[in-house]
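Below are two complexes that have subunit A in common, paired first with subunit B and then with subunit C.
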Partner chain A sequence: MIATIARKEFLEIVRDGRFKWTAALMVLLLVTSLLAGWQRFNSYSQIQATAQGSTNTQWLKQGDKNPHSAAHYGNYAFKPLGPLAFFDSGIVNYAGTAVFMEAHKQNFPIARPATDTSAVARFGELNGAMILQVLLPLLIIFLGFTAFSGERETGTLRQLMSMGVSRGSLLWGKAAGIAAAVLLVVLPCLAVGALALAATGLQTVGGGIGTRVALIGGAYLGYAAVFLFLTLAVSAWAKTARAALMALVGFWAFTAFIMPKTAAEVSRLVEPSPAFGTFMAEMKEHQKRGIDGISPRIRLAEYRGELFRKYGVSRVQDLPVYWTAVSMQKLEELDHPVFEQHYNAVRDEYARQLRLQDRLGVLAPLLPLRSISMTLAGTDLIQHNKFMAETEVFRRNMVLKMNTYLSQAAADLNGVNSATNYMIANEDVFAIVPPFRYEPPALRDVIASQAGNFTLLAGWLLAAILLALVAVKRMSLERN
Partner chain B sequence: MYRLIISHETRSLARTGALWAILALLVFAIGFAAFAGGRAIARQAKGAADAVAFENGERAKMRQDTEAYAAEVAASGGTYEFATVNHVPGRGPPQGTNAGVVGAETAAYVALPPTGLAALSIGQSDVQLNYLPASMGTTLDMIKNLETENPVNLQTGPFDIAFVVIFLLPIFILAMTYDLLSSEKERGTLAMILAHPVSLRELMASKIVARAAVILAVVVGFGLLALLSVGTQLDQTETWVRFALWIVATLLYSLFWFSLAVLVNVYGRSSATNGTILAGIWLILVVVVPTLVSLVATTLYPAPSRMDLIVAAREAQTAGEKNMGSALDRFYSEHMDQVPTGDQRAMDFLTLAQANAANIEKALLPLYEQFREQSLHQEGLVQRFQYLSPAIMMQLALNEISGTSTARYQDFLDQAFRFRSQWNDFFASRFLKREPLRPEDYDQFPTFSYVPEPLTTVLGRLATSLAGLLLVCAGVTLLPFVGLRRYQVAAR
Partner chain C sequence: MLEAIDLKKTYGDYQALKGLNLRVNGGDIYCLLGANGAGKTTTINLFLNFVTPTSGVARVNGIDVNADPLQTKRYLAYIPEQVMLYGNLTGMENLEYFARLGGHDEYSADDYRGFLRRVGLQEDAAGRRVKTYSKGMRQKVGVAIALAKQARALLLDEPTSGLDPKASNEFSELLVQLKSEGAAILMATHDLFRAKETGTRIGIMRGGQLVQELSTDEVSHADLERIYLEHMH
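Let's look at the complex of A and B:
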């Protein structure tokens, strides 16, 4: 019985002229966006790899110089894209793509692509994820809002019931029919996406493509099913088809446009983060007065005393290590807790803002889906934060290696007159710093971070199905 | 007769529950957007103020040192001398006497002041940095920093009044007008009404006037409320001129959606079909076309990657360094604090560092210009394509009116770059002449004062968007009057 209903529903939808138009539009947009995403992904990945290779060479070939000067010259880390970035570009355009790693300073990522695009880009990026998140629900609503309300208005609903069809099988049959029509539109496009994936999948970071695709696919299917059952519920419950459409489109606009922005503003209100100028002023003040209120200058004098005691000497020139180098390393280390406190505070504020937005997903199923999609695509905040953290680890190691080398290699220069008071190092010394390599978070951790969002989405699906069942049970068969 | 119909229409509109619900939502959205926009601008302003205060504090300390030194010199009868670069505190002239140190180690923040309407349309002001550090060094150092903000929130975009106007106001208008004639026809009242001495045009005109009055009240009333709550510089004429422009743009945009609804009604389909068609048009014009235009613009004129620019900058830096004499010179130019006291060459290191910065600057500026050119190409393409959607025209217009447009920022950048070279020259010339900075010289430091663009320039840029809106409106408004002649009054 369910199969018969599904078949009838499917045929009715597919034969409708409106379906052809909307389907054609969807296919066109989805294919265009996937191809454009693929092209962009390739071009970004190429530039990123070339740039990283170039700066790594520049580090080695920077010319013979003092190792500490080399640490000043530093290196750049360029963020690689996640494995499914062509489908969901996530925050890539709005988070920096490069981090300058230099002595004495931790830096924010720079080179944010959004600063170089027109204001029109703020309408959103047309990519596969956006289409499935925003336009697909609307397609489902358009195909399904008359499912019950339409039959009631034409009087066929009562007829159908008189034939002994159970309400439950009517619901499942209609759901299957509409789902088949939707899949007819989406599946061929996703095949194009799969081809694009096959063409790029090999050169990406993050791994576990199969698992990622399966989980993303599952999440989007669940999201689509939420809208499908909500549409059927409202169609059964609403008095007229028109009212059903109004209510559904209203909910769609709420979840797709109003809620994401509202959630962002609410999260900013609850967890405010400082502007650049405020951040820098506070951090520099803190650096000057020292993490615990004792200035680095005093700490440095204490440290010299410690070294004197340790080596049993009373003058800098008698130290077996090069004082200039160890003192610079000491200053560096005195700054570490200050950097940690300030940069981590911002990082944690962003993470808390996102968590709050995810939780507001109880009001809009788009929010948990958006996070799941970005995270599995490898274009999300969690991975951006990990990238930032890794650049800092690299920076500290680079500076430590250079200062340590200098402290030993130039130990005989302590207190020697200025004209010879330096050492120069060459490429071989710079090569003791291994090149930067970004290790994306393990797939297991990525998935675990989204457990809450998957639960939320499952909750929405369950609620939508229950709502549809109840609405169909109580559905009146005639217009009143 | 008109008055009768209008008052009837207004009353029946006032009794539609759904409209009140949408209006309430709109009011809430405007209130929330005003609040959020106000906070965003206040946050930026605090960032700028904190940055300025920090740098001024640094210079104030240097000035205090020079004052103490001047008093000491006056008491002992010595000469006021120039300090070599040395960070280890000790005797002798303080670092504040050295123009090279003051100019390179402190920055003067230059800020783009928000217009009175900045909180109404955040535009691009959240991705750019509206206050930049001018210091010796290179121009690129000045613009490498970005406003810090959660990238997730940037990607989502701000909930500002421009968003409410562009996205939500049309929904309110369409909900009020999508069944303008079709509902009367479906209820059968249209034929009855037209049996009275009233023409279809008169009826239409009255219905339109009633709704237009509501829209006008909403746009002007809430616009004014928003301005009074989060607008600034309310005592300046410019703010009110900008506000007038805001209202004109919003009214044109409203008129477009309103006329569109009337046009769809004139073709005499059912209310449900009208609703679907209008919702579809909204979706295409507000969501699909803008994202498509953006896709096309960035595909045809991709902004050259900043990553490439970074690599090129380092190339120039390395080349400059290699031409810069000995490795020792290089080391000391980076670590003036390590130069032993009394080493006269310390001065040369700063000179060399300066020369190096100048070389990098020379190598990089052409690259940066290329970069900007490509961005301008992209912007130009968007300017041409904006006519495809009133939503794009509206966004560009509102950004322009609120002073958060790309063009205004570019003008600010030009001014900021000019100021940086002024700052650089001031300190470099004194430093190269080994002229000691005296306490009173601290009052002579260059100060940045932003020169606002003439309103005519703003109007010139605005004209394209507004003219486009006007044209589209005119088209959509005139068509219904033609179509109305053939309107089928009775339901078939």
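Let's look at the complex of A and C:
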């Protein structure tokens, strides 16, 4: 019975003029966006690998100089992206893709592609995720809004119900028929996407490409099903097909456009985060002041006293370590808690904003889906934070290695004018700093972070199905 | 086969049906006459479970319609004033769809063609999309659906209104055939002539009540018209 209804529904949809042009448009946009994303990903990956390689070489070939100066010369970290980034670019375009790592400063990521684009980019980048999140629901609405309302208007609903069909089977049959028509459009496009994915060589960042694809697929399927059942519910409920279409397009605009912007604004209002300039200025001020209000100068004097006591000396010249280097390292370490406090604070603010946005997903199913999608694609805030944390680990190690080397190799320069007499190191010394390697978060943790969003999406699906069942049970057969 | 016992339907203060008692046996064509609003369509809707009765019982094949609507619909075929079909499907596809929904998966394409031939649909029309069909052709498909469903009872709501005389005549002949095969037919109509010609019994309704029942072989056409008009005044 359900199969019969599904087959008829499918046949009717694909024979309708509506189907031909919406399907053509959808295929065009989806394939274009997937291929554009793929091309973008390939060029990004190439640039990332080349840039990371050349910055590593630059570090080694920076020319002979004092090791501490070498730490100032610094090093860049370029964020590697997993192959799924071509499908969902997440926050990559806004959050920055490179970090300059140097002595005394923890820098914010730079190279944000969004800053180089025109105002058009505000509408979001054309990528596969965006098309599926925004346009797939619209396709489902267009193909499904007449499912009941149209049959009621043409009078076939009475004919249908006189045959002894249960309303439940009617709902499931129609759902299956519409789903088949939608999949007929979307699946070939996704096959193109899968080929593009395979062509990236699947050099995963964070591993588990199969798991990621399966979970992303499941999430999008669930999201599409939410819209399918909502469409059927409204179609059964609405007095006319026209009213059904209006209501559904209204909800679509609400979830696809209004809520994402509103959620961002609300989260900023509830959990304000500082402007970039303010953040940097405050952190610098705090550095000068010292973490606990005791200035680094005083701390440094105390430290010198400690070293004198430790080595039983009373003059810098007699220290067995190069004072300039150890004091630089001490200053560096005094800054660490300041950086941590400020960066942790802003990171926590972003995390709270994100959590709030995810919670607003009870109003719009797009929000939990968006988080799931970018998280599994590896282009989300969690993975961005991990990247930033790793660059700081690298930076500290780089500075420590250079300062420590200098403190030992140049101990005989204590008390000598360091402006004219300083130790010169070469490539062999710089090589003690291993090149930057990004260690992405474990896939298990990535998935666990989305448990709430998966629950929300499942809740939406359940609610949509229940709503559709109730609407169909109460459906009027008459147009009036 | 079709049975209404003290069937009442009220909408708020309005009494659409005020205790209808009616029985249509197999081999009967029972014609319900009456002005618009007399309760004819309400009666048919009650047998179809499209509306639930305020009180009383409608039975099909002895089963309470309200208790097991899916089961009673198995025995029924419904042909409204305008048989509504899916315009983008062909006549064959429409027939197959409704036959399957009616619980009949056993037919072959030849069987479906046979049903359509039997109701007099032109051979070449069967494979055409229904949106190109005339009203008469749609009504024929409606009867073909009833045939395929092997319906024991037919509920017809002014099925011939708007048909040209030839189509109307063909339709009536089909009804007589179905009657002779033992179907119970309840038909709401305004066509006194057809009621007298094809019907076996006639019920005149007014204001939600059955005001008179008669057998068609007891009255002449002129008598029928006189009796009907008397009730309408």
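Going forward, the second predicted complex is superposed on the first by the 473 of 480 C-alpha atoms of A that agree within 3 Å, B and C clash if a C-alpha of one lies under 4 Å from a C-alpha of the other, contacts with A are read in each partner's own complex, and residues count from 1 in each chain.
Here, a residue touches a chain if its C-beta (ideal position, glycine included) is under 8 Å from a C-beta of that chain, and two chains touch if they have at least 3 such contacts.
The shown structure was predicted, so the numbers you read here are calculated from the model rather than taken from an experiment.
*Asks:* Return first, second, both or neither, reflecting whether A:Gln450 touches subunit B, subunit C, both chains, or no partner chain.
*Replies:* neither
*Asks:* Quick one: subunit B or subunit C, who's touching more of subunit A?
*Replies:* B
*Asks:* For A:Thr4, using the defined touch cut-off, is the partner it touches subunit B, subunit C, both, or neither? Pick first, second, both or neither.
*Replies:* second
*Asks:* State whether A:Ala36 touches subunit B only (first), subunit C only (second), both chains, or neither.
*Replies:* first
*Asks:* Looking at A:Gln159, would you say it contacts subunit B, subunit C, both, or neither? Reply first, second, both or neither.
*Replies:* In the superposed model, A:Gln159 contacts subunit C only, not subunit B.
*Asks:* Between subunit B (first) and subunit C (second), which, if any, makes contact with A:Thr391: first, second, both or neither?
*Replies:* A:Thr391 contacts neither subunit B nor subunit C.
*Asks:* For A:Ser149, select first, second, both or neither according to whether it touches subunit B, subunit C, the two together, or no partner.
*Replies:* A:Ser149: touches no partner chain.
*Asks:* In the complex, go through subunit B and note every residue touching subunit A.
*Replies:* 18, 29, 32, 36, 39, 43-44, 46-54, 109, 123-124, 127-129, 131, 144-159, 163, 167-168, 171, 175, 271-272, 275-276, 279, 283, 287-288, 290-295, 297-299, 302-303, 305-311, 314-315, 317-318, 321-322, 327-328, 330-331, 334-335, 338-340, 343, 345, 371, 375, 378-379, 382, 386, 391-392, 395-396, 399, 405-406
*Asks:* Which residues of subunit A touch subunit C in their complex?
*Replies:* 1, 4-5, 8, 11-12, 15-16, 154-156, 158-166, 477
*Asks:* Show me the residue ranges of subunit A that touch subunit B in the complex, using the header's touch definition.
*Replies:* It is residues 18, 29, 32-33, 36, 39-40, 43-44, 47-48, 50-51, 54-55, 58, 61-66, 68-69, 72-73, 76, 78, 90-91, 93-98, 100, 108, 110-126, 130, 134-135, 138, 142, 241-242, 245-246, 249, 253, 257-258, 260-265, 267-269, 272-282, 284-285, 324, 346, 349-350, 353-354, 357, 381, 384, 417-418, 421-422, 424 of subunit A that touch subunit B.
*Asks:* Along subunit C, where are the residues that touch subunit A in the complex?
*Replies:* 48, 50, 69-74, 76-78, 80, 82-89, 93, 97-98, 100-103, 149, 155
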